[in-house]
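These notes open a run of structures that come right after.
Across the two complexes that follow, chain A remains constant while its partner is chain B and subsequently chain C.
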Partner chain A sequence: MKAAGSGLDKGLGPVVRTIAAWSGVALPLALIGWGLIALAGAPLGEAIDGFLRGAFGGRRNAYLLTTLSRAGLIIGMAMAAWLSFRAGLFNIGGEGQLVLGGLSAALVAIHAPGPAPVAIALAFAAGMAAGAAWAMLAGVLELAAGVPLLIGSLLLNYPASFFASWVVGHPFRDVASGLPQTVLLPAERWLPNFSGTRLDVGVAFIAVVTVLVIVYGATTTHGLRARLNGQAPAFARASGLAVRRLSLQTLAASGALAGFVGALAVLGLHHRYSDGMLVQPLYAWTGIVAVLLVGLVPWAVPLAGFFFAALATGAAGMERTAAVPREIALILQACVILFVAGRTARSVPGARRDDPGS
Partner chain B sequence: MDMLLDPAFLASVPRFVVPVLLAALGGALCERAGVFNIALEGFVLVGAFAAVAGSWLGESALLGIVFACLAGAAMGLVFAEFSVRRGGDAIVTSVALNLLAIGLTTYLLRALFGVTGAFRDARIDGLGTLDLPILAGWPVLGPLLSGQSPLLLVAVLTALLLHLGLARHRLGLRLRAAGEAPAALVAGGVSVRRVRTGALVACGVLCGLAGAQLSISNVNLFVENMSAGRGWIAVVAVLLTRGRPLPLLGVAILFGTADSLSVRIQGLGLPQQATDALPYLVTLVALVVASVWRLRRSAPGAAS
Partner chain C sequence: MSSERDARAGEPLHAALSDVTVRFGGQVAVDALSLHFEPGQVHAIIGENGAGKSTAVNVLFGLVAPDEGEVRIDGMARRFRSPHAAIQAGLGMVHQHFTLVEDMSVLENVVLCAEPDAGAGLVDFQAARAVLDRLAAEHGIMVEADARVRDLPFGARQNVEIVKALYRDARLLVLDEPTAVLTPRESEALFAMLRRLRDAGRTIVLITHKLDEVLAISDRVSVLRKGRLISSRRLDAGATVEDSAAGGRAGLRDVLAREIVGGDLPAPLRRAERAPGEIVLRAQAVRRREGAMTVGPLDLTLRGGEILAVAGVAGNGQGALVRALVGLDRQASPGPDASRGRIELAGVDVASVDVAGRRALGLCYVPEDRRHTGLALDASVAENASVARLDAPPLVRGPFLVRRAMRAFAAGLIERYRIAARGPRARAGTLSGGNQQKLVVARELELGGVVTIAENPTWGVDIGAIAAVHRELMAMRDDGRAILLVSSELDEVLALADRTLVMSGGHFVAEFARGEATRESLGRAMTGGAASARGSDVVGGLAA
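== the complex of A and B ==
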């Protein structure tokens, strides 16, 4: 493997590279999209029209708001991944952390006593704690038992999903609904919408958190140490950093953010936890690829997140108007990553697999 | 114990061993050639879909197998193009290909067959079984080996062949050189890229077969995301054995047994989600045990 993490975060370089990469992938991507639409037997003009309306239009901008809402969740998961990746920790268990966070938040929001603001705060705390705990479990498995984080965090996704599925399928099932899901949260415990719209304020939360995370990474000692650990782990160790503690703390923060996103999805968007609602839209994986797309440049993450969200909601619009299956979004998303991955190569400092102890 | 020796249970074990073993052997090829391929999950999924598509198209399981191999090989080529030739990060490429596999199979399921979720049709020809009359009457080995998918034979033979080939054959030497000393390979006038591309294509074929076992042998239909983590378990098997074929055979048997056991113990009143989680927990425990064992062996003072 070549030297890791060279040339990241160095002023204008990434900007130029990112722009070059984006324009370079446009053509093959358009061809692939065109081919897939043709395969589905849909007229191209209608499909494009449906895509644009589905991503940015709608009555009173309804679809644009859906895109924004989805973008918020993706960006949140992307920043969670960013926290880990920049510290050299390849935590790809965001999905499990997200699921457990959402589940815990839902159960607390439904059952906690007390006034609504307290219950909402408790729900967020529970979601973050659950996400952090699950991420730290993957970290402990690596540090104490030598299970590579890349694999350990991924494998932990499955028990988390099965557990959540069981909880809402049995002990906390809303039997009356006939579906594996919890009951609805009491309405006063829902996050409010922006006035006059159907967009909940979760997006604003994500915006604030994203700024905080970027500030943390760029200005705090802990944030700089975490990056040092990602870019030069040997140096970090040699200069006496408590690398293990740093790693666990970073993982906890990353998992807590994932859990926070799960709580947002429950309190703001769905108002309950239903089986698979956080897994099926692939929020966690989309977040991961959004970070990879921009080569870990943090301020570009929201752009990538919005792009992927628009791709997904646009595809849903295309399905409505031109009967093109919406999974076209997933294919294009994967292709974007493939075409860009070669250009922003070595984008993950922690991807040195021969060094699981770092 | 009775439950474990029950012929019906024994007969179910290879069904779960074969996909993991085939995929893991493919992963081992990549591992030894110095390609970190964690896209096995996606390769298997594409193979499972292609097997059903081919079998449906020709009303022949054989065509299904051919399609599965070709589709897997194509995935291997895509991996090689983006990671080996263009120099993309192997992990990033893998993540993308896993997503691509989910998207592509679901898209084609709807665009070609017009269904969501699952596709079953009388035209899908199942793979059938291979009876070994000599073994059939034996107490434990009989149900384990006879009356099983022909891919069981393919998988076991591939493991043995790979073991011999890596150690003895020129191609095996080149493969190992690509992983351990690429500079030496270049000095010998062999292209590292070509060897790695070959390993990826072969890996794709094996994963395609693994997918075929899932879709046209274990059952006769395609379900969205039907690889369901088998590819990841194969990745773990490769990591545990560092890509050595014979230990891989053992680990695949262990993981496959856990998988079939999880189906078996659903009858005991445990919730399905608990038994579904069992294979992943067994995998994690195996990883922990192996690494603790390695640490102990390499501890100062111990014989190395």
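== the complex of A and C ==
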């Protein structure tokens, strides 16, 4: 079975594999989606129309821009996860790193003195530092106390979220708004929108960062070493790679990227930090799923991120026009995760099959 | 369980592959192969790694579906959907890597998934024990039903695997490299048991690369090369082979070896006479723990231009010694610690030096486990070849890799060390075992360090690759570099070593200079400790 399975893989490039994987996932998903829409009693054509308009249409492309904005945040979190996963580090604490990054960036952007560009730069720096620190804490817990990273990083999500809730619920609450959120950032400290649209430039930041991260993985010594450490930890150690330092540095980079995404959401999209704004849309988890869906193939990660963003905004559109509940999108997303689970073992370092024997 | 099994229990089983072809992607792994396994015979299948031996057996067991041809059991075409179905039909397999649950007892392992039902979901261990005792007595297999597998030596574990197959009424038994981890004495015992099973009418299929074993035990030997059957000949009931002059036997050995490699045999090793140089590696009173075993205190010195062999059966503390010397166990307790002894590499006390630091001092390391420690199988050949050279140009420029230079470097290794690879971009995992090992050896030798630690460098490697690795090690020695060869292969130790330390039970128990060591003296020293321990047990038993 093992030999036969690996035999099938031979000769198929990553491109073909990825396409095959996508169609293998898409077909059953389409069937499930069709069944669910039928169950909700909506005409299929109308639902699909609503979905497509909701994801890609709108007056002056408003919905497409929403999809893009959301895709940017998901792709950012996906690249953060990709950095860790390829190095064999199961950092699933992106959510905590994202929340602390967003919170720190908001507080600094609101309270830092000085001209706007300086404050914005400081806010980004604070967000990245907070994310990096939180990710490294999970790494230190593993190295020093033996808490597996998978568990440590996951559990650190909760204190991060609750701490952020407390901060915006009490000491830094915008009391006048009546909600657990900070006050708005001074308007000159908002990231600008693309001219004539309601899309902030955060997406461009994400595009640049994504390219940088992919270049890092493909062309730098550190990127290669981190990947080798993930693919074959015993090999990395015997080859004299500084595996602890590599791991901590990679975690820091991953956490910093998550914190950066949090800062973008604050400075570009929401202009404040409000409780749950980075948790409820499931940016971090969707990012992880996007990475796993494409089997860590880096250039495909943005496509997967865009797909999930479109799924969510399209579902909202479907609800508005065809009265199909948007929860269907969540069900579909869960189905995607189930399909992914069957493929994960082969794409994530440390959980892979053996090579064919003689 | 099944009526099929009960009906045919104990009857002879004819199995055959007829015209089987298996393709993996574009590669043909097995090419129109027909083999007939007859009851009452030991049928040896030999060939290099990648010759298709394992694939052929996997077809027999239904683990791989043939693209053409069929499996015939007792004349009927069969296709097993699972190993379980193959077991039901009377096939049994003893894998090279044991598949026992270490924390369970022998009895529990034997009945696992074939538990006699005592009703109410309980296991009838009483009945199981009776069957086990009967099998043990019938075939002269020593097994302690209540021993924990974890506590057993490898030879005993192999017995458990065999009994497990017999318990399932295996009428055809496949053993994949069964002596890889056994002492010479344990191998003898295994062969005696296989002969008894054969004489009782069972079919034995033996996959191996050791020609001496083939000649000692087989009734029929089939040679595979590149998926094709090269020859299949009967070794007549010992008569011609055993009684004929040594020349005839050696002649057959040569014929088989030539058929395996498909050409001329590699030239014998040549060794330059040279006086040993400076001491480059010194261990003093090194102590470690390996599982329940205390390893050491160990002392050794290694000089330039010398091959020092540490010979011993696997699992006698060699692993702990190597980890200590390479620095892989440093993380457990950083900093100097008097009780752990002292290791000097090129004159430097390396207690607080990590692997990278020791490599910088000139240490090279060819690990035993090439699949996990020697290579990153999912990385490319070029990446694997370059891993230890990424600190400075020419393979890196600033923080960036110079991919072109990495590929050129790897291409050089591929050419000079005759590594069969599609090229520098090929995934290391696509190389055959022997070529993977050549890649590791090439990378480490090319570093040109003063000390090379080679841990079973030819384990599971075919004849051609063994010769290539040995040639390189010898060339390094002649070049004045020092080699610590950790090996459980007597032939390898005898061929290469200038000096040999024998390791048993965590200690060096004997030392031989070149010329003093023979197969017999080494074999005795390797098993001596274990044998005397068993002897005292017997004495104690008698006294009681």
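FYI, the second predicted complex is superposed on the first by the 330 of 358 C-alpha atoms of A that agree within 3 Å, B and C clash if a C-alpha of one lies under 4 Å from a C-alpha of the other, contacts with A are read in each partner's own complex, and residues count from 1 in each chain.
Here is the rule we go by: a contact is a pair of C-beta atoms (placed from the backbone, for glycine too) under 8 Å apart; a residue touches a chain by one contact, two chains touch by 3 or more.
Small disclaimer: the values here were computed from a predicted structure and weren't measured.
Trainee: Contact-wise, after the overlay, does A:L141 reach chain B, chain C, both or neither (first, second, both, neither)?
Mentor: first
Trainee: Per the contact definition in the header, classify A:T219: touching chain B only (first), chain C only (second), both, or neither.
Mentor: second
Trainee: Could you tell me if A:A234 is touching chain B, chain C, both of them or neither one (first, second, both, neither)?
Mentor: So A:A234 only meets chain C here.
Trainee: Which partner chains sit in contact with A:R59 here, chain B, chain C, both or neither? Use first/second/both/neither.
Mentor: Touch status of A:R59: no partner.
Trainee: First (chain B), second (chain C), both or neither: which does A:F163 touch?
Mentor: In the superposition, A:F163 touches chain B alone.
Trainee: Between chain B and chain C, which makes contact with more of the residues in chain A?
Mentor: Here the partner covering more residues of chain A is B.
Trainee: State which residues of chain A lie in both footprints, the one left by chain B and the one left by chain C.
Mentor: In chain A, nothing is touched by chain B and also by chain C.
Trainee: Within their complex, state which residues of chain B touch chain A.
Mentor: It comes out as residues 36, 38, 78, 82-83, 86-93, 95-97, 99-100, 102-104, 106-107, 110-111, 229, 232, 235-236, 239, 271, 273-274, 276-277, 280-281, 283-284, 287-288, 291-292, 294-295.
Trainee: List the residues on chain C that touch chain A in their complex, please.
Mentor: Touching chain A from chain C are residues 23-27, 29, 49-55, 58, 63-65, 326, 328, 354-359, 365, 367, 369, 371-379, 383, 387-388, 390, 396, 399-401, 403, 429-430, 432-433.
Trainee: So in the complex, which bits of chain A are touching chain C?
Mentor: 1-4, 6-11, 219-222, 224-225, 227-228, 231-232, 234-242, 349, 352, 354-358
Trainee: Could you pull out which chain A residues touch chain B in their complex?
Mentor: Interface residues on chain A, with respect to chain B: 36, 39-41, 90, 92, 141, 145-148, 150-152, 154-156, 158-159, 162-163, 165-166, 169-170, 282, 285, 288-289, 292, 324-325, 327-331, 333-335, 337-339, 341-342, 345-348, 351, 353.
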